[in-house]
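All chains are identified by letter, namely A, B, C, D, E and F, in their written order; residue positions are counted from 1 within each chain.
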């Protein structure tokens, strides 16, 4: 399956915090570099996401802003 | 200035494509790993974003989805 | 591959309008019901999206608002 | 009132899960086809959204990605 | 019609720039305070948005980040 | 630091509601005009956001829709 989402960054799940509706999943994408994701609790359960899993952070290009010093 | 946006990934601008309203900026965040961003042409002009710039890709955690094999 | 994006609605591409950076793809998901999507021109090219293609509209649950009369 | 949001898909509320800040609302838009939405608990209360309500899922075109086999 | 989108800020259209797919609409929401919006060209045409129009900027709460000095 | 996010609206924090994963922050941007934001609990803690703080609501132009009567 091909996806229009331009950004797929591989990493390992480091932390999962589950609330009543949403969950926060922290993914380590490089040594010391983390990407935080908020998805539904339902998706965490359905995909069985847990610490140590190899996953990909997926981000639509329109959602990426730029900061410059 | 502190920002609520959780994800700030440093990289170097590799490519800038400018349209009439939007522009696409491709950032190399690691050797061979690119992050594509779509921001307004106005922001590219105002921030003077060009190939070779050191920038940060900034992403709100809610915009990050997860894929798992 | 499992995806956290909760909404995957199948349909057929009815119209593709390509700009310099973005493209608009109109998908007919039911007779007379269309879903419009804006993705990068790069994704349209890479995925070879054209009128008549069977595709899925993919939407993160956080991006869905609700209107009620 | 006219809205720039391109996608308005009518359906019936099938499930409401309320957390402390957000709520998940599942809308059946066609027999067997559901759309999940995450909005604030505040909006669910203010709009009095409950199972059985006729509503519309509203989605900005920029939030719609495309998947293709 | 009630909308789940929490933020509706009234203002006057100050500038419209139209591209092939998207358009940028700048709204003056207070003296000297502007809000920029990117919507599809299709919506600008359909809603007949032009300089001087009284409109509302509509923003889902999840899309609002916070900066603090 | 320059940011591509086009919209930065100053205001004062009026209300903070914290859940397990997310938090809702209501910002008064003008007398009687409020902007609601949903960010992670982690960001509220890290930035020490509390009632009375002077902050800025930050919004990417692509996330701004338009309503017109």
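The rule is simple: a residue touches a chain if its C-beta (ideal position, glycine included) is under 8 Å from a C-beta of that chain, and two chains touch if they have at least 3 such contacts.
For each chain, UniProt lists the protein as follows: A, B, C, D, E, F = Transporter.
Bear in mind that the values here come from a model prediction, so they are computed numbers and not experimental data.
Number of steps on the shortest path from chain C to chain F, with steps defined by chain touch: 2. Using CA-based centroids throughout, the chain positioned farthest away from chain A is E.
The rotation relating chain C to chain E, fitted on Cα atoms, comes to 120°, given as a multiple of 5.
Here the repeat of B-E among A-C, C-D or C-E is C-E, since over half of its contact pairs match by residue number. Centre-to-centre, using mean CA coordinates, chain B is 29 Å away from chain D.
Centres computed as Cα averages put chain D at a distance of 22 Å from chain F. Averaging C-alpha coordinates per chain places the centre of chain B 22 Å away from that of chain F. Computed centre separation for the pair chain A/chain B is 17 angstrom, with centres defined by C-alpha atoms. For chain A, the set of residues that touch two or more other chains comprises 1-6, 19-22, 24, 36-40, 42-43, 47, 58, 60-63, 65-69. The full set of touching chain pairs reads A-B, A-C, A-D, A-F, B-C, B-E, B-F, C-D, C-E, D-E, D-F, E-F. Every residue of chain C that touches chain A in the complex is listed here, in rising order: 1-6, 37-40, 42-44, 46-47, 58, 60-62.
Note for the complex: chain E touches chain B at residues 17-24, 36, 38, 62-63, 65-69.
Touching chain D in their complex are the following residues of chain C: 5-9, 24-25, 27, 29-30, 33-39, 43, 47, 49, 53-69. Contacts from chain B toward chain E in the complex involve residues 1-5, 19-22, 40, 42, 60, 62.
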